[in-house]
Each structure stands twice: as structure tokens, then as C-alpha cells.
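Below you'll find the structures, each written out as C-alpha cells.
Next come two complexes built around chain A: one with chain B, the other with chain C.
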Partner chain A sequence: MTSPHALSVAMLLADARLPSGGHAHSASLEPALLGGLPVAAVPAWLIGRATTVSLVEAGTAVVTARLLGGAAGTTTPAGAVPADTIPHATIPHATGPDGVRGPAGPASAVLDRVVDAWAARTPAPALRDAARLLGRGYLRLARTLWPDAPEVRAITAYDAVRGPLPRAVVLGAVAGATGLSAADAVRLTVYDDAQTAAAALLKLEPLDPLTPARWVLEACAAAEPQVPRVALCATPEDIPASGSPQTEGWAEAHALLSQRLFRA
Partner chain B sequence: MTVERPATPGALVRVRTSDGLLAARLVARNGTHAEVALVARGALLLGGDHAVLGVRVEAGCALTLTDVGGTVAYDGEGRPCRWDTDLRLGAGASLDWAGLPFVVAAGADVRRTTTARLGAGARLTLRETVVLGRAGERGGDLVLRTEAADDAGPLLVEELRASGERPVPGVLGDHPVIDTVTTLHGSPGDEGSAGHDLTGRHSAGDATAGHGPRLGDAVVLRLERGGTLTRWLGPATHLSPLDPPRPAGP
Partner chain C sequence: MPDTAPESTPESTPESLPGSRPAGRALRLGVAGPVGVGKSSLIATICRALGEELRIGVITNDIYTDEDARFLRSAGVLDPERIRAVETGACPHTAIRDDVTANLLAAEDLERDFDPLDLVVIESGGDNLTATFSPALVDAQIFVLDVAGGGDVARKGGPGIGRADLLVVNKTDLAPHVGVDVGRMVADAAAARENRAVVALSRRDEESVAELRSWVLGVLGRFRAGAHVAQDPGPMAPHFHADEDGGYVHSHDDAPAHDHAHAH
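And now, the complex of A and B:
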């Protein structure tokens, strides 16, 4: 059977036309504007996200892919892990959440550790809820497109018992299942966040549609020096913890509003 | 500094301290609780300084820590400084620390870390107020890292990077003051590898359950595994709506 190139998968995942529910989200932009962020500050805010919260998400995806795939064990020194490949899964098929074993342990235990690490780094409940809603949409996609991949079976089984996984974890499983490199999983995460906010901006503010496109690339460029470091994350402890308190405060305030265009 | 259970029932808790850049002074104690004041033993923090504070509260004991004065990290003229706090709480122990402001002067390059390990049923309440710049200054560079865990795993991991000269919207914006009260408790033990209580996890369905009340302009963030992080960003410490945590002691 032929497989699509990992780049094709990345383009699919980053495509706003993909029906995974991303259109209902503004990547915290609507909360920020309602909280008082001036439109002129959006480029700097996007760069701030690309170098803080996006890296938490990206590191979560990288570690998920690596631990579900298992070839980069928890004791491997980070420097020894090749940055450009997430080893493909070798774990057997799942029968239940505890039925899947990888070298790093049962898949459910691995997922618990990654989810706990992500949740400890995501203090705002509004943002955890939003990430889990997005994860649900991504999981539906993953189950449809890669139903036999061990990583997808593992997250499907986990979801059935423990409830929705955050989007970064689902993305990590897809990256592992499709051979998307760790560095590209980081870039995809950063790009998707920035582009989601940019698309939302055009619905909230009158603006030349080409202007935010430049801002998206500036945000990606700002994150690029961090890509190798985040791509090396091998354990849940390695996941960046870079917070964004002002964004977290805006997200909580927004979650209480009834008049809003976006979910978060 | 260590707070230990008394050797005989009814006796006073034992408090052992050793001084470095900081000195610890016993203020009061009884059979379960001690109050200790932290005093700087000279100008703190200068470039190259590394303050290390280790606090251990043994099972069943309680400690209230107070700061005698705030701390200023001065212009290090290119040399960074560090302040590392390590808190270890035994089962059922508690620690309340209403810290006074930590000011990052212009030119300072500070890494300030707090690690905490909570035993089963332990409770930790911390107030940490960090100010970028003295009056009329924008302030230096700051890395503020907090890492708290109990026997089941991480409770809170956060690393904030800020620079008075280069404020980032969404991180602190233009606010020089970041005021945080963190309350955490160690999950009950005896659950083996648990802590992954199925009913304890938030689901996307309970969309409003996790959103706490707002205290003035402060935001209460309910953490996934319990505990709260109450935070206020603002222009000046005296405007903060956060009360110091109430001491648990006598």
C-alpha cells in the first residue's frame, strides 16, 4: 500500500478547509481583543504565542509521538535523539486502553503522563477545555483516516475510557502514525496557531487579508530558533512550560461571555 | 530549614536552620506549628549571587514563613543572579508563605525558581509578587519558574520570561507587577499509581465547572489536579486585590 508523504499530511492538517472544528476557534485572539489588545499589537502578540504557549503544545505533540512510538525511550539522553525523525510506532494493536504496550510502558500510562504534564503547564481551564474540544475533532479525523495505526488505536481506546485528549496529544499520535518529523510537528503547531488567529482576525476586524499572512510568517520565523530544542523533547518533563498569564486571564474572562463569535 | 515533629508528645516542634545569604529567625512555635521569619544578611541580590532556600516541613507539621523585607535584584552589570527555593512537605504537612515583593531592577538578570514536592494531604499556600523595575524603571530580565508535584505527578509547571525593556503582549503586556497566590494540595496517597482518578479529570463537557470567580481584576485559575493559581497583573503592588494567605497557625 502506498502512503502519502509526511509533507502532504502536514498540509492537510494545517488546511483551514479540513473539517476538524478549528473554524470555531480563534487561538485566543477574540479573548485578547475583547480584553483590550489593540489590533496594532497583534503581530507582537502572535510572536509571543509562537514562542510561549505554542511551544508547550508542540512539545506535547513531540513527546506523545516519541513515547507512543517508543524507540526513543525515557532514558535516552535528549541530545542523542535525532531531531528530524519521530520513530514510527512498533507497538501492537490495541484491545483496550491498557492492552497496548510500547517500550515506554502501556499506552494508557504513557498518555496519562503526557496529559498530566500538558495540564500542569496549562493552568487556565478555559484553554484546557478548548484544547480538548479541538482534540475531539482531530481524533475523529485520525480515526477515519488512519484507523489501523497503533498510535491512533491507542488514543481512541484512551478517549473512550478517560474522555477527550487535548489536541496536541492527538496531533502527536497522528505525527507518529504518519511519519511526520518532530521538527515539522513543531512547525505545524506554531503555524496552525498563528494562522487560526489570523483567520479569526479577519472576521473580527476590517483589514487587508494579506496583512495577517505576513504576521503569520513572522511568528513562524520567531519560533524557528526554538524548533530544534523543542523537537528534541523526549520525556514529559522536557515539554516547555512557557506561560502567557495575560492570555490566560483573557481566556477565562471570555469563557464567561455569552456574546462571542468564537469558542476560545 | 527543617520543621520536625517533637520527640515527645506535647513538646514543641523542632526547627533547625542554617544561614547563608538569608538568615532564618524562629518567631513562635508550639507542638505542631512554627513561624519563621526570613531576613536578608546583606545586600541582596547582586550580580553573581545565588540564594538557595531549602524548606522541609515534616509529616503533620505546619510552618508559616514570613519575609522581613522585600528583595531587590540589583543591576548585575552583566552578571546574572539566581534565587532557588526548594520546598518539601511531608504527608499532611502545611506551609504558608506570604512573600513580600521581589523587585527586578533595571540591568538585573534574574532566574528565580520554586520547586515544591507535596506529600499526601500536604497543603501549600504561596504568595509571590514580582515587580519589574523600581520606581521610574522598566526593570531587567526575569525567568520565573515554578514546578510543583505530588506523589502522583506534576501539579503545576510554569516558566514565565519577561523583560522590562521588551514587554510582550499576552505574556505580561505592559504590566510591571505579577502577583500570584498559589494554593496546592497533595493528593491522598494509597492509590498506587493513581492520581488518575477518572472522575477527577475535567471533560470538555463540563465547560463552566472549572471557571472560578474573579477577585477584582485577579483571575482564579483552577488547576487540572486541584488547587488554584490566583493571579493579578497590574501597575503597582499597592493596587493588587490579592490578600496575603491567612496563616494556618495559632
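And now, the complex of A and C:
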């Protein structure tokens, strides 16, 4: 059977209609509005996310794909070469997470290091919980669509033993399994975050529905200069540590509310 | 409070129920219906009627708040920790049909945390008459109407009214006050349902509660025996239009121009 083009996979993953649980999330927008962010500041806030927290997520996905030995990064973005040329070993099939070895060692140890790096850059428990919930939704999807991919087997085995992985890690495994390039994994992460917030915005505030579409593209454009750098991330230490403390605070306050439309 | 919800033991499982969860998990029962028909109250009634013999968990899908979960917790019919609320991103019908991820994950979590459970009841956010559960989420579903919504609602039909596993006509004790003939409403419902099960319920009428109780046990028994097959009420039930030539079945399979009310 022929494989779909990686771009088709990216479009599938970026589609709001994808039934993986995303519709109940607002990418931190509802917490922000309830915390006092004016609607007029949403475009700037989207750009802020695209150039900070989205890059943490994106770097996490890129490093996961690379360390699990998948294909992410094999499609070299123009002008970027070094890390994209690292050799990738093939992960042998195995049932237990500790029996699965990638180029950087047992998959479980690799995933532990990536998750630790991600968690250290995502201090709010509410956001880590929400990311793990989304990760579980993505994993259901990945297990259904790419059950035999070594990367998907590795995260499935990890999930069974160590618990849920955050969405960025699952996305990284999917990127590896489907040949999505590192740069496109970064763009996908940035776009998905902005579009999730834009869709949620229309449920929270009355706006011309086409207005946030422009904001999404502006956020993507703002992140574009960072894409090559993030696409080159090769180790957990390389993952950007560009945080957004106010978002973390709003997320924690939101998690305690009894009146909300979105999970986070 | 929780003291009314004793820790059930396997021995307390009704003897009439074959095996102990041969499906490997609890029966998942959906409860859908418009706002205010008494879905939460119905679930409280089920918990009260069966809490002694079944190990029950409840998931609520509120639209704006966790009001339903709090109502059930305060009703004292179940250990409050066995009642979980999930957010639906303002789309209650999506959360039970197009993208059931959040509810599936919540059901898995409940079953893991309180293993073993016999019954997980999933309450839909009050939506319109077209909202039904996907068989990917629930094994069986109850659609709830109430007499105060008008005696003609049952006759109007729709997927839930027509083809849910059980239709409950609730609050029959109010019928004299709202000028509704319960017998007529049930007869209309039975006709719309081609004689699928209908229960005319008042939580103050013990006989009707017993009828509901025995329906739930019946489904659970068939589920455990492997004899129950989840039915999809469908997005819109085919219905019969009488005319001079004898009428025709309107399937909705090819009617994109149909204007179905949507509660976005």
C-alpha cells in the first residue's frame, strides 16, 4: 500500500474536525480571557504564544521524533543541514518499553528525558494535565492509524507502563512514523495552537468569524523565522525554554473554576 | 452524603446477571435529551434504585458549568468521587457523537480508578432533539422527554425519540398541571418508536422507578451475556410520510437541503 504524503498527514492532524478530543480545548484562550486579557489583545497574545510556548511544544515534538529514530528531519528545510543529517537507526519491534531501543538508547529512557525537559518548561500542572489529556486523544488516533510504526509502538508501550504522554511527544512519534519533516512539525504545532484558540474565540466573543483567521496566519508568520532553529533541536536540552508565566497563572486559576466551556 | 453509597462487593452483583463483566468493562449507558427534562434527576433515580447492588460511576457533560456533576454529588446517591464532569467546548452533541474522545477517556479513568464497575452512566449536556450518542461511546442509551415540554413532542419523533434503546417520559406527576394526557403521550411515543421500550416515569411513583430499574438490569444482563448489540439511533431517523398513494419513507440519506435546528 502506498503511504500518504506527509503533508496530507499534517493537514489531517491540523483539522479541527479530527476526532481526537481537541474541540474541548481553547489553547489557553478561555483562561486568558477570564483572567482579564482584552479581546483586542488576542492577536498579540497569539503571536506571543507562537513565539514562546508553541516553540516549546514544537521542539519537544522534533526531539521526540529524532530520538525515537524516525524520519522527522530527514526532509531538510532549505538552508538547514546539520542535525537533519543525523543517522537514524530503526527501532526493532518489541513489546515492553524497555525492550525498545532507538539510536539514543531504550525508548522509555529517551521518552523520560524528553518528558522531563518538556515538563520543566511547562510549570503549570493544569497545562501539563491538559497536554496529557490531548496526548491520550492523539495516541488513540496514532494507535488506530499507524499501529505498526515503531515510534507508535514505543509510545504505546510507554503509556501502558508509565502513564500518559503529553501531546507534543505523541505528535513527535507520529511525525517520525509518517515522515513529517521537522520544520513542518514545528509549523503544524504553531498553527494548531493558534487555530485552536481562534476557534474557541468565536464561541467566547462575538466577532466576524473571518477576523481570527487573519490572526492565525499572522501568528504563523511571526513564528516562521524561528522554524529552522527549532527544527534543528536534537536533544532534550535543545528544546526552547521560552515560557509564558502569565499563561501558566491563568491556567491554574481556570482549572479551579466551576464555570467554563473549555478544558484548558 | 457518601454514606448512602456503600462500597459494593462482587457478591452484591445480582444473581440474575450472568458472569462478572465478560466484556471486561462496565456497561456504558448514555442519557440524552433536551435541557430541563430531568436527566440528572433520572440518573440520581437510577443510582438510588441500583446503588446497593451495582457499582456505578457517572460522567456529566455540562455546557457551561459542572452544575450537573455538583447536583448529583449533592444528591448523596453516589460517592462524589465517582461522578466526573467533562468539558465539551460548547458542543455537547460533538462530545457524544463526532468526537467522543473526552468521554471515552473519562470512562476509562473512572473504570480504572474504581475497578471493577458494573455501570457507567454518561449524561449528555442538554441539547436539542437531534443529539444522540455514538455507539463508539455507549452500549445503550436513554432519551428523556418530560410531560411539561408538551404532549406533542413524542409524536414529532427524531432519532433519540424514535430509536434510543429506551424513551423515558419524565415528570408524569406534573401531567395534570400542564394539561398533558400521559397515556396519549406514551402511546404516541410507542408509535413513533415502533414499540421500542417506553417508560412513563415519576421519581415519586415507585412502580415506574421499578420499571426503569428492571430495564437497566435487563440491558446489563444482555450486555454481560454478549447478547446486546449497541444500536445507533442515527443522526435523523427515517420516517414515514402518509399521502394518497400510501406514503413513503423519508430516509434523510440524501437531503442536504433539510434545515435541522442546531443549538450552536
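One rule holds for everything that comes next: the second predicted complex is superposed on the first by the 244 of 264 C-alpha atoms of A that agree within 3 Å, B and C clash if a C-alpha of one lies under 4 Å from a C-alpha of the other, contacts with A are read in each partner's own complex, and residues count from 1 in each chain.
Definition applied: contacts are C-beta pairs under 8 Å (C-beta built on N, C-alpha and C of every residue); 3 or more make two chains touch, one makes a residue touch a chain.
All values derive from a computational prediction rather than experimental measurement.
S.K.: Using the superposition on chain A described above, determine whether A:Val39 touches chain B (first), chain C (second), both, or neither.
M.R.: neither
S.K.: Touching A:Gly137 in the superposition: chain B (first), chain C (second), both, neither?
M.R.: second
S.K.: On the superposed three-chain arrangement, identify whether chain B or chain C touches more chain A residues.
M.R.: Chain A has more residues touched by B than by the other partner.
S.K.: Between chain B (first) and chain C (second), which does A:Ser26 come into contact with in this model arrangement: first, second, both, or neither?
M.R.: A:Ser26 sits against chain C, while chain B stays out of touch.
S.K.: Per the contact definition in the header, classify A:Leu145: touching chain B only (first), chain C only (second), both, or neither.
M.R.: Neither partner.
S.K.: Please work out whether A:Ala14 is in contact with chain B alone, chain C alone, both, or neither, and reply first, second, both or neither.
M.R.: So A:Ala14 meets neither chain B nor chain C here.
S.K.: Given the touch rule stated above, what does A:Arg260 touch, chain B (first), chain C (second), both, or neither?
M.R.: second
S.K.: Once chain A of both complexes is superposed, is A:Ala6 in touch with chain B (first), chain C (second), both, or neither?
M.R.: Touch status of A:Ala6: no partner.
S.K.: Based on the superposed arrangement, let me know which partner A:Pro245 touches: chain B (first), chain C (second), both, or neither?
M.R.: In the superposition, A:Pro245 touches chain B alone.
S.K.: In the overlay, answer first, second, both or neither for which of chain B and chain C A:Val161 touches.
M.R.: In the superposition, A:Val161 contacts chain B only.
S.K.: Where on chain A do the contacts from chain B and from chain C line up?
M.R.: Shared contact residues on chain A (touching chain B in one complex, chain C in the other): 133, 136.
S.K.: Please give the residue numbers of chain A that touch chain C in the complex, ascending.
M.R.: Interface residues on the chain A side: 17-26, 133, 136-137, 140, 200, 203, 258-263.
S.K.: Sort out for me which residues of chain A touch chain B in the complex.
M.R.: 28, 32, 37, 41, 44-45, 47-49, 52, 109, 112-113, 116-117, 119-126, 128-129, 132-133, 136, 161-164, 236, 240-249, 252-253, 255-256
S.K.: Show me the residue ranges of chain C that touch chain A in the complex, using the header's touch definition.
M.R.: For chain C paired with chain A, touching residues are 63-67, 70, 86-91, 94-95, 98-102, 104-105.
S.K.: Mind listing the chain B positions that touch chain A in their complex?
M.R.: The touching residues are 145, 147, 153-161, 168-173, 175, 178, 193, 196, 198, 201-204, 207-208, 210-212, 214, 219-225, 229, 231, 233.
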